[in-house]
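Below are two complexes that have subunit A in common, paired first with subunit B and then with subunit C.
Now for the complex of A and B:
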């Protein structure tokens, strides 16, 4: 035991592995689920991989954004509403436009919604009102705005845009590389940026102890605004992915609300503490996919969709209970 | 010249004093906001400025106020319950299902459902230390799945509630005071008494303020937390039964729209989401303000989109105003 401990102290690779054990765990869990899924259905091929990756894109993006905000010590209940906003603006203005215009609208949405959410972060700093309350209020504003822009489902986007997020110009079938890369590249980039860059580490420091970070000379207010801006950009990406997958815009309030709640669930399951400052962004990519995959798996097992929802809830609560219990036991022992 | 300066400073001094006074009595500020909103609504719809208008406001505010009571108690401990609306819907369903056996059995069954679900939430949060946001969120998903399945099986066809529950939710005592407002008044008295006068209430505040200190003082914190979630479940069930009575028929969307307002009412009323600060009196005013705001937006007939935006903006403005008012003191 002592030898093993000493070994971990000396071996940096093993130490890094142990530090990220939760991330490794959730990726292994996802791998196991995938393997199990292949035995459940008669044919498992590129079609299934495409469908799983593309359908989990919106939640994965939203969860990455939420993860960055939670790491910086906040929580954003308006991400789902921002997803709606991005989704309806894209669907309304991209329909029938050439590729160049569509790309410009997409980029403008990412930048614009990032700025919009940076404003939310600024308001939180300025007002001293807790994050959860401010973002609850802004979630009403943004989803109202979304409904105003697109009163009923409709609109569309360019085939190239659909290819980018789904691997096929029509959104059906196609290659799994585009959605897979669109999922892994942002996930890896944000995770690396957060763990290695100076502003990224500032987010961790701010979330873990705001006062200490401030006394150490970090600009904690700017860190919060930055985190919210990244969250906004990821929500905009999620909205774009949504319009690419479904081919239309959907302004329903419930879509945004459930997306927000799922993003919080993915973040917590991904090992990021809601108290801030702890966790790795890359883990939430796996938990986001896992949350989306549970449904087809349970349906392949012959469970109906209502019971699937029950099982999903029980699993989330169960995993958190095991985590909480082990923390309590560790506390007792020490 | 110098006299003028003195007058200006005097006026500034008086303004500062008024602000300090308001900061020390933030509830007065809420009352002013409520009256102002009420008058604006009256200006838009003159019929609103009547006994009927007041009655409708109270009737609308009652279920919201009771749900917000659950939220207030939990927020004081540093918790939150995102499953209140699903508990309310579930309780209303079970009450409707038991309605053929009489109103008493129906109400009791509904409340028991609330108590049971609240206990499960409480065990998860207090014993297993699951984050309350996640625990109640997962519970909400579980309940939605269960009740969607059950409405096609064991609860099939039970959409009508007993006449007595209808009377309780929509009827009025002696034709003027709605019964649901009387129920709300009873709930308010009990909750305010519990929070202000009982030892349990003091523990609720203390846990929200400093849980470790309370534990070191020898309190079994998990028992207090568990009981708070049980109370929350019961309150949500009562609100659900009233809502079911008001609409007469029960469906899965019965209480869904109340989730965010229930949190907002407590926050506007000055209860801190981090625990330890606040009380139910403020929440009552918060619920009243939100329901007048709802009436105002309905009368303005601006469409759902604008309604949502204005609602969000005003909730944000009220929370901001409250925070800056109380921070200065």
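Now for the complex of A and C:
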């Protein structure tokens, strides 16, 4: 309470900084990690920047989608499966097609999977079954569908689409501007939209206190469907990015499952409370990249790769405990 | 109190901003110049080097005994060669997406050569070709890649099945009821092996395949299938795609007389072939060595030291049957697990001394 009072007396810009201190913190962490990584490897140049940005894209997209859903008070375990679905449909139908058709398929996938996941949100509203149960069920449906569409790895896409997400028609070693912009623009747009627009703020209100939001005259059901639709669109984008990076489709269940888990990890690290209503989407862009970067960093440090996963887990737990501790301290002070 | 804490917060934020700017500025100011120069340097420097190499290894299946042994064979051979300073192993579960990131990480590490067990035949070509363009030697082991300029070392899976099946059909006198215990449907190695099996079968018209199973290369699944078969069907011989010792155990458990059986060079099976020969076990172990990793390393070092090795190397499997007691005894590794692949010395490529060195799994400096 005192904090809030103190904040109102300070300069608005400083207030905004204070409110987004976690976001700033994770971007700082990413900056520090990048700086550290440059000292660990012999050469740090465009190749490395491109590599990190493009390889982070699928997770960043998925994390943005998950963030919006979590902010609205839900959680979506099917995002990874939707990524698979988008990935295999793109790989199967884009192969050998001219760029116009590829673009049309890409847009259709984003819209189609957004609608598909909006349907999931609608079912959650209608049935009253917890989000985690419904999305767990749909995750199996979408994964099965993905295997049915593309039974084994294969397919392809147009060089132009590979360039869009990776900066190079062959998927490697290109300019870092396309992947960097493809990462920052959706991140900033979704973050700004959620923080400033009327439907965006409705998401926060719904996630923060559903009953209060409803009593205030907000359409909380529509908010949830909207959140799931955005999550679906981001998962579709993640699937497209993955096709662009590898040039093939990969229907394996494990790909989707680990993507889902990583998206939740990025959201939690990004300072978005799993209880809903709290956090800034732009933070998960940084934590998504951080999670991807941990692997090469640990290997560059000479950590045995079998131990790298343990350390990765310990780091996540550590950062979370710092976050929890600071929240407790803040509460005690007020 | 309140005031001071606010000052602290402002101070912290300034620090954060400063670091953030530093962190962002570094990559932007660094690039352009070194990249091209580094590639040139690597290209001109590589042939001149005669030792002290850094080797990168990329594997994407963790917790699999065969793959772990493959990595250990690379490490053991790196130590034995005396030419390697450091082996960087990137080992995690994943598909092409993860492996591309891992390979880019290894390129960034400035390795001299990369040995990979590829997840995809074509999907990795762009990154492999980028590595080669920087003067890095790339060797794909176990499975092939189509990238131009990459070295490929594989076990001949068609021959693996054909050699074993021919031995079995010959042992049965060209006549009898045979079971084919395959691996996982749709996996390239399984398809190749099935083709080899059918090639052999074509020459033996009186051999009848009474059952075909997919073990999933899982010992317990294979054991259950074998038990069901030998207790319900008349079987004269069994060919397995490597799930061998569990099958022999089922004969013992069910107290059914042994029939001729073909398996791989698994330690447990080799032991059975040696110890149960007196009780009438006739069998043959066909090699499918994970030490192919060490072969890949030897080829990488040859390429780095300017010896121009062959682009494609295919290892032909060896067959050790119960009549070859000396051969089996040389393979048997009493200190290792049942699933240990015993055929670790592959002349002329490997120079470590047998299973003990591979099992120690020590890279230079470890």
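By definition in this document, the second predicted complex is superposed on the first by the 316 of 334 C-alpha atoms of A that agree within 3 Å, B and C clash if a C-alpha of one lies under 4 Å from a C-alpha of the other, contacts with A are read in each partner's own complex, and residues count from 1 in each chain.
Throughout what follows, a residue touches a chain if its C-beta (ideal position, glycine included) is under 8 Å from a C-beta of that chain, and two chains touch if they have at least 3 such contacts.
Just so we're clear, the structure is a prediction, and the values are computed from it rather than from any experiment.
A.B. asks: Just subunit B (first), just subunit C (second), both, or neither: which does A:42 touch?
C.D. replies: In the superposition, A:42 contacts subunit C only.
A.B. asks: Between subunit B and subunit C, pick out the one touching the greater number of residues of subunit A.
C.D. replies: Answer, by number of touched residues of subunit A: C.
A.B. asks: With the two complexes superposed on chain A, say which partner A:28 touches: subunit B (first), subunit C (second), both, or neither.
C.D. replies: Once the two structures are laid over each other on A, A:28 reaches subunit C alone.
A.B. asks: Answer with first, second, both or neither: which of subunit B and subunit C does A:51 touch in the superposed model?
C.D. replies: second
A.B. asks: If we overlay the two complexes on their shared chain A, which of subunit B and subunit C does A:308 touch? Say first, second, both or neither.
C.D. replies: Both: A:308 reaches subunit B and subunit C.
A.B. asks: Return first, second, both or neither, reflecting whether A:246 touches subunit B, subunit C, both chains, or no partner chain.
C.D. replies: Second partner only, subunit C.
A.B. asks: Touching A:196 in the superposition: subunit B (first), subunit C (second), both, neither?
C.D. replies: Neither partner.
A.B. asks: For A:133, is the partner it touches subunit B (first), subunit C (second), both, or none of the two (neither)?
C.D. replies: In the superposed model, A:133 contacts subunit B only, not subunit C.
A.B. asks: Between subunit B and subunit C, whom does A:274 touch in the aligned arrangement: first, second, both, or neither?
C.D. replies: Touch partner of A:274: subunit B, not subunit C.
A.B. asks: Could you pull out which residues of subunit A sit against subunit B in one structure and against subunit C in the other?
C.D. replies: Touching subunit B in the first complex and subunit C in the second, residues 151, 304, 306, 308-309 of subunit A appear in both lists.
A.B. asks: If you look only at subunit A, which of its residues touch subunit B in the complex?
C.D. replies: 123, 127-130, 132-134, 136-145, 147-148, 151, 253, 261, 264-265, 268, 274, 304, 306-310, 312-314, 316-317, 320-321, 323-325, 327-328
A.B. asks: In the complex of these two chains, what residues of subunit B are touching subunit A?
C.D. replies: 82, 124, 128-131, 133-135, 137-142, 144-146, 148-149, 260, 263-264, 267, 272-274, 303-313, 315-316, 319-320, 323-324, 327
A.B. asks: Across the complex, what residues on subunit C touch subunit A?
C.D. replies: Result: residues 2, 6, 9-10, 13, 16-17, 19-20, 22-24, 26-27, 30-32, 34-35, 38, 62, 88-93, 95-97, 100-102, 104-105, 107-110, 120, 122-123, 126-127, 129-130, 186 of subunit C touch subunit A.
A.B. asks: Spell out the part of subunit A that touches subunit C in their complex, as residue ranges.
C.D. replies: Touch residues, subunit A against subunit C: 2, 6, 10, 14, 17-18, 21, 24-25, 27-28, 30-32, 34-35, 38, 41-49, 51, 55, 58, 151-153, 168, 170-173, 242, 245-248, 250, 252, 254-255, 258, 292, 295-296, 299-300, 302, 304-306, 308-309.
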